[in-house]
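In order of appearance the chains are A, B, C and D, and numbering begins at 1 in each one.
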Amino acid sequence: MSFDVMQSRPSFPRRLLGFVEANGQEAIILAAIILLFVVVGVVNPRFLGNSNLTSIFSGNAYIAVAAIGMALVIISGNIDVSVGSLIGVLATIAGTLAVNGYPIIVCWLAPLAVGVAINAFVGFLVAYVRIPSIVVTLGMLSVLKGGLISATAGAWINNLPPEFMLAQFRPFGVPAPIYFMVTLTLLAALWMRYSGFGRTIYAIGGNPDAARVTGIRIERSIVCVFMIHGFFAGIAAVLFATQLQVIQSTVPPNLELTVITAAVVGGVSILGGTGTVIGSTLAAILFAAIGSALIFTNVSAYWLRAVQGLFILATVLADMARRRRLR
Amino acid sequence: MYKTMILALGLAVGSGGVAMAQSAWTGGDDLPTSPLACDGAAGAAAAMPYDGGQPTAAPDLKGQKITVVDVPKLIGIGYFNATSKGIADAATELGSVDAKTDGPTKANIDEQITFLDNYITSGVNGILFAANDPVAIAPVLKKALSKGIHVVGYDANSTPDAREWFVNQAQFNGIAKSMIDNMAKEAGEEAAFAIVTSTFTTPNQARWIAEMAAYQAQCHPKMKWLETVEAQEDNVLSFNQATTLINKYGDELKGIFGMTSVATPASAEAVSQGGKCGSIAVVGLATPNAMKPYVEKDCVKSVVLWNPVDLGYAAMYVLRAAIDGDLKPGATSVKAGKLGELQVINGSEVLLGQPYTFTKENIGNFDF
Amino acid sequence: MTAIVELRQVSKSFGNLKVLKDVSFDVQPGEVHALLGENGAGKSTLIKIISGVLHPDEGELRVVGEAVRLASPREARGRGIATVYQELLLFPELSVAENIYLGHAPRTRWGAIDWPKMRSGARALLDSLDSHDLDVDTKVGLLSVANRQRVEIAKALSQEARLLIMDEPTAALADSDARKLLTIVRRLRDRGVGIIYVSHRMQEIFALADRVTVLRDGAFIATKPIGEVTEGSLVSMMVGRSIDQLFPKTETARGATVLELRNVSHREIVRNVSLTLRAGEILGIAGLIGSGRTETALTIFGITPATSGEILVDGKPVVIDSPAAARALGIAYVPEDRGLQGLVKPQTIRENISLAIIDRLARLLLIDRRREGQLARESIARFGIRARGPEQLVRQLSGGNQQKVVLAKWIATEPRVLIMDEPTRGIDVGAKAEIHALMSKLAGQGLAVLMISSELPEVLGMSDRVLVMRGGAVVAEFDRADATPDAVGSAMTAAGQSSLEGAA
Amino acid sequence: MTIRSFLRHETILLLLLVIALIVLAQQSDRFFTTDNLLNQARLMAEVGLLALPMTFVIVTGGIDLSVGSIFGLAAILLGVFWHGLGLPLPLAMALAVLVGGIAGLGNGLIITRFNVPPLIATLATLALYRGLAEGISQARSVRGYPEWFFVLGQGEVLGLPTQLWFLLAIAIAAAIVLGLTTFGRTTYAIGANEVAARFSGLNVARTKLLIYTGSGLVAGLAAVIFVSRVSTTRSDMGTGLELDVITAVVLGGTSIFGGRGTIIGTLLGLILMQALKSGLALGGVKGDGTIVVIGVVLIAAILLGNLLSRNGDG
């Protein structure tokens, strides 16, 4: 019986699956974003207003930037659950330097350097000492979070100099975070496709044994991946720190889960080896759009998390169906 | 079989949802409200008998060195930094007090209870607290009382019998009146407004919102309540939510209330970055330092808050007085250093005073 | 002529265990040099030294006459030494072209990967291997084993390898694919590439090699031109003794029909398969990879339950929808992929042997450790498993002993039907004979054995009857007497359409 | 031989624990008192309960990030069933535990039926179940439980906190099931090689389903105990609990890749964590400092285990 079904014209889900397989998760998310814009736009045209689109795109830009690094980490077959704490620490470093009158460029670059340094250590523990990344970063989560509060005693940072506020610049009327998000995503996407190292990351995540005998220096590559991730976390931290006039010295709640979710929903498989950074950025935008749409459609904010959960589940199921055909 | 079970879950969840969702939701709690009169005349406060708890067999420590721990809702936010500073100031002033602040990194009852429990074991003489949940915290506080430890709350109360005194920064209805009156003055009697709060589960905020709704309905009936959004204790999320509100309602929106010291500056920033200074009023609870930039450029006219440094300061004095036996059940006032005599209300609460409104003229005088 | 690679008096130890003792070895350009030895003889270590994974403790390694110390596989590749590993090491999520060029992709002027050039390069390489049907943009995960192998070889060639190390390249291939591979190897040799060829298949070695080197227990035994050796002499050099009988098939009385399949199908992979299996009989199934042999076994075993048709055990129709159901009916399956499907490698021999009957060893849900230990000790003795004891971890055993553990696990269930899929893949000659002897003995005790193998000699040597499968269906059946290599071979490939006469 | 290598991590942990206890006892004379120890047992009961099924989950090579959310959902529904629907409290308690089980079953079904990696599946249900808790409760608390209910979370039985009896009973049951039964053996086999377990006729899907369901059930039970301890229900209960639970299990030597781990290890990890929290606080270290120490101890313990086991393998 099932024999006949298989022989007949492919059913709709099957064709949809084929579409996803050909165009990837990115296409699905893009379609979801467009659908959301159209539906909510009809309900309330202000949703598509210039200012709202701008805030949707810029509001989650720092999450998108952090998700780029996270995507690389996950593609390489690892994970980082400490990224939220790391961003909190780096933002505080940037703010402290700025308040103490260091040159602005130093304030912007220091978090990148520190992020790279901290994650070089994490990468070292993962690659050379062979502690699973989830364990290392679970530990780092505690260390960074506790350390941050110890060091700052919980004080907020006020009186930031105006020229420090990178995220508030609006060249040509468009907020700076959008430039960062778009440029970094495109650069990272091109780099992942056209650089030798980019392909190496896929190789390590896809088949580490094969990567080793192919002559790839896995340990070094994993350390590099974590360092790049730290670099992106640094940029995200600067965007995060310069968005408002104050910097909270606590870690933004659940930030790591949001970043991981953006990467995963964007089509980065948790099993390693697949995914693109364009998908993760689109997913970050989608989350911002959903949050905004819930307010516009007067859906009780209580159900926001339930909606998000369902959404993650749906995209993951699609991903599993796609992968099953590859194996 | 699985289908049946999933169906059962769905039913359980659904019926639960229906059961709880009878009333329209504004973000307030469902306790009775007691709005003040519109002209501000103090309601006739019936004198209540003392309803606090008392430590059992507390040692006489009058004038001796004591150790005190302060466990706020969470550490790492400006507000509790300020109260902590007040406590430290008072401790220094009083001399023989060794006070420290320690608490969870997120406003979480589970962790707060663990902290309290550990300090009870470590043998402190007095506990200051700001409760994450009035009921949940009660058992552990009662345990402290039973071990002869003096317990005083501030900012967020517990059930009365679980502590001796509570230093009330300002009555809920007083805050509500102040907030709504300021908004009516700035945005007009017919203004439409929205609220940005932390989470719907924080008791103080829920209480204030409920009182605000009651007071607004009674005294400013033409004002329009648009909606309440949740923004955790997260700067950027608060900013995003406020921006979305501005985008959604456009010119209809005349005012935003910030219910926390995180939400208010973020809402002000959203108004400021949206170029809506002057057309959307921001009124809210916040610390002066975070609000100075907006007040100084006239984007925000009034910030409502008691002085949290004073709150901590008063709490420390009340605790010392309780330990020394100077503040006994039935007292009508207590001396609190530079703050002078503070009044006892509602049986076992010490009132800090009226909420303070910071404006452009006076905000420069504060640094917390 | 200078040797591409030369090892002089090389030794290597792991801890106290000396795995290579004073071995000398060399490969000339344009030569296929076969490397033989039982598992554990030191072949892998030798290969790893040449490919830069390991360093010799003593002795020297010369590449084109120059003494070198290869720090990494990367450096070895830089010197033109490429390896095609036994377990194919490719990246399933990457395309064919990317796999071929991973790590040394052509670059544009700006240092970016030159995708068009990479794709055309990959195309040219595959064409040179007569693999015109392989699309360079397909993800490798979608390819068959044989095609993946071609990608591996193309990958080695793309690095302009002067020396190609092939470790059991045909182990996973059916005969026709293996023959194609041999053609490719010869072509490479003619281009002047030196090839180290490791295989357990004697036929191939005689068809391909110019010289043969035999290792035993880490020691160098001999290097000889292929003309100077015979199969027998090689085997005795490898095992250090002569093997009496390669396929110790004993005639047994065939009993009643135990298992019968009537028009069983699973999707399109298994089509209308009918067969009968009797007690005491060894029924061989021959066929190429993808012909449906393993798939039929998986259907009988309940991994991929039948979508139509009838399965009868002892003449009664049964439903087998899970391995547990199959086990309850007395069906056992010794799987194709030992490491993945057969063993829980981080666990002990005891735990592995009891795995399939753990319910039966339990009293009130609690495992009876005493009985479990007893079973393990008995099995070790009965199957001749060479191990320190029941508590040794399975991953520390050699391939042959691991296979015996899998066999012991299933015999412990006291099955009536034993399915053995590739029972001797990757096992050395000595252990192979032991497995074959065990198989014969079990059949002699009345067990019905269904054996699947890619090695024609094994099928022909061990079976009472032979079924041939192609395209998911049974296309021919032979009795032992009629099953000649030619007849079975041509039925496996589409060549011998006429031999359908025996099909059920 | 194997027994020794099997217990190696546990031995290290025990050693670490003893050292920690000695050092902490030096810091404060109030640490090593019956009173404090019993009190700490009360405080760690919920995390401890959740850590037991989590050990099973991680031994199969999976993970359950949603336990904190199931905990919150069950707590909220306890209040809703009792207060909102007017059911008798004992029935409401049973239903709350059952809801936890069903939520866990939901995880299991997503994982086994659709082959979704557990990390992702439970990441999704982490948001979903918490969202349901928030949506259903509309963020309102339910209070005013009768006095007898508090026996569970605040009372004592035979001189020990009530919940400690639950923890002990379930821990013993879990240790027996994981260590001595066919179910436990199946759990290890799945974690070490799932395919081989399936090919050996073990019912992999059912085992996983049971484990995730059990994880949910125990989360429901822990939630009821917690509600009894704090006398109220809130929808944010148990937020972030999963990280504590996983830390305890991993600290206890259970391999995050599956196939290895014991209940005894988990209990040791749990006790070490709680001892550090309490002891450091009594010794005058603040909460943020304690968090740092726990993070460092986690990494160090795994590091030590790695180094020693590598030496052992030769």
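Here are a few things to note about the model shown:
FYI, contacts are C-beta pairs under 8 Å (C-beta built on N, C-alpha and C of every residue); 3 or more make two chains touch, one makes a residue touch a chain.
Owing to the predicted nature of the structure, the values given are computational and were not obtained by experimental measurement.
Of the two chain pairs examined here, A-C and A-B, the one linked by more C-beta pairs in contact is A-B. At the far end from chain B, in terms of centres built from Cα atoms, lies C.
One inter-chain figure worth recording: chain C and chain D are separated by 44 Å, centre to centre, where each centre is the mean of the chain's CA atoms. Chain A and chain B have centres, each the mean of its CA atoms, that are 35 Å apart. Centre-to-centre separation between chain B and chain C, using Cα means, comes to 72 Å. Chain B has residues 25, 75, 105-106, 200 in contact with two or more other chains.
Not a single residue in chain C touches at least two other chains.
Multi-chain contact residues of chain A, defined as those touching 2 or more other chains: 145-146, 149, 300, 302, 304. Under the stated contact rule, the graph of chain-to-chain touches falls outside the line, ring, star and complete shapes.
Annotation, chain-chain contacts: A-B, A-C, A-D, B-D, C-D (touch as defined at the top). Here chain C touches chain A in the complex through residues 51, 53, 72-74, 76-77, 83, 85, 87, 89-94, 98, 102-103, 105, 111-113, 115, 139, 141-142, 265, 267-268, 307-308, going by the rule given at the top.
Every residue of chain A that touches chain C in the complex is listed here, in rising order: 1-3, 6, 190, 193-196, 199-200, 202-203, 206-207, 209-217, 273-274, 326-327.
Of all residues in chain D, those touching chain A in their complex are 110, 114-117, 119-121, 123-132, 134-135, 138-139, 243, 246-247, 250, 256-257, 286-296, 298-299, 302-303, 306. Those residues of chain B that touch chain A in the shared complex are 25, 74-78, 80-81, 105-106, 200, 227, 229-230, 232-237, 239-241, 243-250, 262, 265-266, 269, 273-274, 289-290, 292-294. On the chain A side of its complex with chain B, the touching residues are 44, 46-47, 49, 51-52, 55, 59-60, 62, 145-146, 149, 152-156, 158-159, 168, 240, 243-253, 288, 291-292, 295-296, 298, 300-302, 304.
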